[in-house]
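You will see two complexes here that share chain A, one where it goes with chain B and one where it goes with chain C.
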Partner chain A sequence: MAPAYDVEFVEREERKARFLVRGVTPAFANGIRRAMVADVPTMAIDEVRFIENSSVMFDEQIALRMGLIPLTTPPEGEFVEGDTVTLAIDVEGPGTAYSGDFVSSDELVKPADLNVPIIDLKDGQRLEAEADAAMDRGKSHARHQGGVAVGYRHLQRVEVVGDRDQFEDEEPHIVRGVIEDDGELVPTSEFDHDLTVRYPGKEVRIEDVPNAFVFHVETDGSFSVEELVTRAIDSLEQRARELEDAVQL
Partner chain B sequence: MELRVTESSENELSIEIGGEDHTFMNVLKGALLEHDDVSAATYDMNPEQSGGQTDPILTVKTIDGVDPLDALEAGAATVREKTSALREAFEAA
Partner chain C sequence: MMVPVRCFTCGNVVGEHWEEFDTRAKEGEEDPQEVLDELGVERYCCRRMLVSHTDLVDVVSPYQ
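Moving on, here comes the complex of A and B:
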């Protein structure tokens, strides 16, 4: 009795996407969301050895900043939890040390964005350090969280039920998310989230479409949206398989 | 995944599932409740508010003649079917 799911993309970019899933139960949708946030491992710096830090900030503060820089995460199978990659940085002031100044020992693991400022160095100040990046899950620390803005909403169906009363005041009717109008998916941003813009002078009824969820997924650059979603599904599946095996014994 | 049975009878089973949280437990509970031979399924994340114990305890009740352990296995299989179906649908989109 394999369930029938239907996935349709509303917006699709490398790091940001919105897609509709039909036929999914709220429990399952939330499992996927939680897995995306906390259970998909990513690379992040978790140990820093300072060779020289004559900047105005303490080693620990700079180490925290380095930890929060998103790093690209290698394809599944290349790394396992516990593996490390070393990145080195050496910047001398005056100037700003950026994430792009990191030199990685592995092509697969490097800063996802090159323009994250680490610290502003004044004349004569210098930052030289070696950092170890490790693979871990968002559950252990936010720096390992691959999905940064992950959520879902019900798909909403809009139906025109008649004309608005002639003397009724025109009031904005705000809806956010994605609406379904005669089978067509329309992000509410197209009409400024206001139904009276799309249906002027009409009376409309909106209802949640059961078991249809519009996911909004944004990644920190560690991997693409597709990768994040697939890995989240894998993580749930792997646990189900583990439980199945454990129960069979 | 470490399993420890805390209570077991003919039609009821309480089992501690080590290292899991709401992410998996709620999906599993939802899947169990879809089965007709499961009459009740729930989980408790902080049983008895006991000091420090946070591994969830899953409780499954089944109808007569059905081993709750078999029902649990079927529930896990349902989750697996759901994930592979969703992966397929997602990759096709």
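Moving on, here comes the complex of A and C:
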């Protein structure tokens, strides 16, 4: 019943990846993209109790900045939506309060980036606060969005159909994404996105490969790209099952 | 006032690169384009967050 999907990585880093998926419909590809953006729960600060804030910014401005700091999200099953973790910060000026100054009550949830400036403190200014991080989805607020700049393109197949006319103008032929050339995957950045660089003097034809999509996924540091994609697919599957149960006779 | 933590458009965290960008490109002599490339700030939405930012904390702090 379940068709086999063919997944191939073009580029793979901890927070950024590009991979090719074959055998999915455009609707399913978009479903995965949307799930990555809006349906994977992540931790983010959503309530702050200020004990002292004598900095130049208002409490709510600082609370917003704290909320946007990515926090590492614990492995699946450790937390459910609605659970909270407390992070405390206490910094006295002169100096800058960084996201790395947060002390977490749980090892699993801590700032993913330690170098984000929260507020610059002058002589005698102080920031002391307790923040509650909660698990929620990108749907409810952008701070809970784990995927950054998630998108996909069709895989394009390039075919040489002949030689270019001798007196034809040498115009650049710009293509972006990943092309397939005799089964080999080539990111267009390798030839400066210009097909005339890769195939000089040739006439080429480009066509979309049906049902093959190249995803570009980045995360904000809450988890790895792999984790984000598998969790997105799990959430799709879970919702599909819920629907199935709901419409059963 | 302070650098935005994330890019307004795509949500990438750009705040962490501010201090290095500031010392190397704004106050230093390096080419902003090269510094941004090295920092891994690729998209132009994220680049404008750093290029167009001015820290105003020092300007407003006397009026507390």
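Points to keep in mind about this one:
As a working rule, the second predicted complex is superposed on the first by the 248 of 249 C-alpha atoms of A that agree within 3 Å, B and C clash if a C-alpha of one lies under 4 Å from a C-alpha of the other, contacts with A are read in each partner's own complex, and residues count from 1 in each chain.
What we mean here is this: a contact is a pair of C-beta atoms (placed from the backbone, for glycine too) under 8 Å apart; a residue touches a chain by one contact, two chains touch by 3 or more.
These numbers come from a predicted model, not from an experiment.
Contact with chain B, but none with chain C, is seen for A:V247 once the two complexes are overlaid on the shared chain. Touch criterion met: A:Y5 reaches chain B, while chain C stays clear of it.
Once the two complexes are laid over each other on the shared chain, residue contacts for A:Q145 go to chain C alone; chain B is not touched. Contacts of A:I69 after superposition: chain C is touched, whereas chain B is not reached. Touch criterion met: A:D220 reaches chain C, while chain B stays clear of it. In the superposition on chain A, A:V158 makes contact with neither chain B nor chain C.
After overlaying the two complexes on the shared chain, residue contacts for A:I119 are found with chain C alone; chain B is out of touch.
Between chain B and chain C, B touches the greater number of residues of chain A. Contact residues on chain C toward chain A in their complex (touch as defined above): 1-3, 5-6, 10-13, 15-16, 18-19, 43, 55, 57-58, 60-61, 64.
By the touch rule above, chain B contacts chain A in their complex via residues 1, 3, 17, 20-24, 26-31, 69, 72-73, 76-93. Chain A makes touch with chain C in their complex at residues 54, 56-57, 61, 65, 68-70, 99, 113-120, 122, 142, 145, 148-149, 218, 220-221. On the side of chain A, the complex with chain B involves touching residues 1-9, 19, 21, 24-28, 30-32, 34-35, 38-39, 139, 226, 229-230, 233-234, 236-237, 239-244, 246-248.
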